[in-house]
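Step one of this worksheet: look at the structure below.
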Amino acid sequence: MKRILIRGITGSMGVETASMIISHSDYKLVAGLAEENLNVDLSRLTGLSKATDVSIFADLKEAVLSTKPDIMIDFTVPDGLLPALKQALDLGLDLIIGTTGLQEDEIQELKAYTEDKSATTMLIPNFSLGAVLMMEFASKASKYFPRAEIIEGHHENKADAPSGTSIATAEKLEKTEPFLKEEEIKYTIEGVRGGEKNNVRIHSLRLPGLMARQEVIFGGQGQTFTLTHNTISRSSYMPGVRLALDRIEDKSGFIYGLDKLLD
Amino acid sequence: MKRILIRGITGSMGVETASMIISHSDYKLVAGLAEENLNVDLSRLTGLSKATDVSIFADLKEAVLSTKPDIMIDFTVPDGLLPALKQALDLGLDLIIGTTGLQEDEIQELKAYTEDKSATTMLIPNFSLGAVLMMEFASKASKYFPRAEIIEGHHENKADAPSGTSIATAEKLEKTEPFLKEEEIKYTIEGVRGGEKNNVRIHSLRLPGLMARQEVIFGGQGQTFTLTHNTISRSSYMPGVRLALDRIEDKSGFIYGLDKLLD
Amino acid sequence: MKRILIRGITGSMGVETASMIISHSDYKLVAGLAEENLNVDLSRLTGLSKATDVSIFADLKEAVLSTKPDIMIDFTVPDGLLPALKQALDLGLDLIIGTTGLQEDEIQELKAYTEDKSATTMLIPNFSLGAVLMMEFASKASKYFPRAEIIEGHHENKADAPSGTSIATAEKLEKTEPFLKEEEIKYTIEGVRGGEKNNVRIHSLRLPGLMARQEVIFGGQGQTFTLTHNTISRSSYMPGVRLALDRIEDKSGFIYGLDKLLD
Amino acid sequence: MKRILIRGITGSMGVETASMIISHSDYKLVAGLAEENLNVDLSRLTGLSKATDVSIFADLKEAVLSTKPDIMIDFTVPDGLLPALKQALDLGLDLIIGTTGLQEDEIQELKAYTEDKSATTMLIPNFSLGAVLMMEFASKASKYFPRAEIIEGHHENKADAPSGTSIATAEKLEKTEPFLKEEEIKYTIEGVRGGEKNNVRIHSLRLPGLMARQEVIFGGQGQTFTLTHNTISRSSYMPGVRLALDRIEDKSGFIYGLDKLLD
């Protein structure tokens, strides 16, 4: 049974991940890291009734020596991230990292350090299986349906537009062709055709009652083919985290992106 | 049994309407008007196998005197429209007009002329029952869901954007409130929030495989409410034409818009 | 400012309603009723940070005498419901009741008692504005689109099928006609055409990742018209509760159903 | 330029295919086969204005000797199909066959005969690229989303239910798991959960205004992932026919199914 330590256990993704691991018999949550040694009842933190004997530490080395984890899962912030990851590798752990914000040179350094230690590091900026499948399928569909548009919708508190996933999806649609008559359209209201990336028009909705959804609509002669991903809670990331845990034993070296874990 | 004359019988809406009337036992198609006296087999024009004894005339007066219609349906062009309609009223006909493009003063003149003759004139710019219901329901829903966006999609040969129906719909959403955080969004691609009318964002898709569709998405706390109208053939206008025919006996005077015929 | 008492304040709907009222400046939450006098911090119960001076009582009379509410909102269970409602009317309160399960004769008794006291009682079995609008619009659309089917989808823990809302919707589609060729279909798998109510086929989906959604699809010549309601959290009922509160002053007597509160 | 003969040129798929080939500069339509030598103007048959010098024959051998085609496309009926295909192979043609209904032993015989002649035969029961992509993607998605349901909708004249494509799709979902609580549901209307194939529930809609559409909805923790294919005209098969024509030179031997032609 794999022994897991979660760095950032008191954040929202940390709590979700702790709940998932506790309810799963193949893994054992042995420790959490937080900004200070906490005297909290983890079962309360996670909303689970099951009693748990998980200690929460402020110091990584102390946590590892006390609880002997095999794997560290990291959901924190970019600040101080790389040194902590290197320390974990020094202590013999494999890594699953959901924290985003590492710079390109930091990523290269982490990769080299992982290989040097013969460890396994999974850097996964997006744990959503639905989003990963959407991008893979969209890329393939664009070979056969060369015209496509994306509609993404989010709640009204989202800070940016369009969503990062919609841009990443448009970048995968390498075979999408531009709409040649765009210039000939007579516009009675400006801006209705949305934004453009890689020949794909992107439309962003911001409405209460939406959490996160994305549609990629492919148009062909007499038919449309649509991929839709709809997310209603943060728990949707957990199957992706579980997939990473399930695959970590069969993998080695540095792995970047959830798509590398699909068959 | 109502006797019908179609002005513009060789155009695409004229042909659809002729087919509909021929297959309907409550109405009798007695004549068509076209640019010249045609020696065509109407059953071939309409694709119907049934033999028909419908004559096609170039002259309205000749057609009326020969075939004694009760009602004239007009699907033509604005050029020369008003004089033709007044001549038909002089000849004692009631009118159902699907032709668009009359100016506001011409509409007033037609209204006065109709009332003067104690006739019935239905001026129906859009015979789509789905579009009319969508506008009525959208108007009501906006009282209870004060945030809304419209997505309209059409084939790639549509000349303008957004669609006239989407603008007309947005104009009905009198209670829709603006999205207050629009200014705070950080845009990584410009234009993704679409065009704006009456506090409603409008997004236009242009793709092969689409004919004509419109979604109005209302967002509220924890829920969305969506009206969707999807059209796949021009025959979709026929139930609206039939509704006008069914209601013309109970109505009198000048009637503007299909919504006036709904209960 | 209306003074509100919530009976059943510790249940999930009670907590949602308490949160909503606390954050709304037109209403004042003055008391809650629960099974025992609770020494809880209501701000913690509702997840709100704002401190609140709301007392929670086990006895209705004591609560009313201490806190002088104008309106009682009830989200409890059918057991003991009618006597409690009558006691509240005796104490001079108006009522908004979201609890379901009263028998027809109890409803009649409540109505008579309300009128006797010259009070206002709103009995609202479903506070979802989206569901109420869907039923009203569906009823009207069925006059013009005489063929319809319903698809409802819920999470996997829902105890029954189809949903009560889908049945109530089908019952409103008075003009829907049966599909005449149903008997002629050659079935290669049994049961795919779903269940039937009032000439409407109902299809129930049960999948993880769904909370509650319903589509009513109307089919007509060359077009479809679809109403879709999608719910992602229990907070979606709050605008309906607020509507009841906003309208209670203008209403009197016994009111049954949220649809009676729409313009 | 490949020279094409269409067997069954007067049927609806034959006409569509003729139109497509005539408008495409890489292929030359040189002959059609029909039940009798026809003296028809092919441009009228296909609705194209372009004049064409395509002869229509009743006899295959005569057609081949006169017009020297490279490839025969077959859209006919199972009756007499195998002998005609073997005759075409004898005459040195490669084959693209859209006709369905060959028995398993006939398919094996055709395969052996093709290999014996060192020819290329593509037997393609479904030319819809959208349907083929849907099945491929659905099969892959079922590995990561182990619960799925299918909703297929068709016009009211479809003879069978569910659609063949929905059954074929369900058969590809090898990893889909049954809904374990199915037995516990309390049914207030029977039959609402649809039909079942391979642990997948299938729901069939039959409504006017629909042509052919299919949704496969995958449900996972907190998210749904949906594949939707919507067809509005028979021309939607043409990109699949063109793909077969484009790939026939690079392929040899017996090829069964459009999916074998995707990269």
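Every chain is named by a letter (A, B, C and D) in the order it is written, and numbering of its residues begins at 1.
Rule of thumb we're sticking to: a residue touches a chain if its C-beta (ideal position, glycine included) is under 8 Å from a C-beta of that chain, and two chains touch if they have at least 3 such contacts.
Treat the numbers as computed from the prediction; the structure is a model and nothing was measured.
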Remotest chain, chain C as reference, centres from CA atoms: D
Contact-richer chain pair (by C-beta pairs counted) among A-C and C-D: C-D
Averaged-CA centre spacing for the pair chain D and chain A, given as whole angstrom: 38
Inter-chain centre distance, chain A versus chain C - centres from mean C-alpha coordinates, in Å: 37
Distance between chain centroids, defined by C-alpha means - chain C, chain D (Å): 48
Multi-chain contact sites of chain A, meaning residues that touch two or more partners: 209, 220-224, 230, 232, 236
In the complex, chain D residues that touch chain C: 147-149, 151, 153, 156-162, 167, 179, 181-182, 184-197, 201-210, 217-224
Interface residues, chain D side, partner chain B - complex: 209, 211, 230, 232, 236
Parts of chain C lying in touch with chain B, wherever the complex brings them together: 128-130, 133-134, 137, 140-141, 143-145, 220-239, 243, 262-263
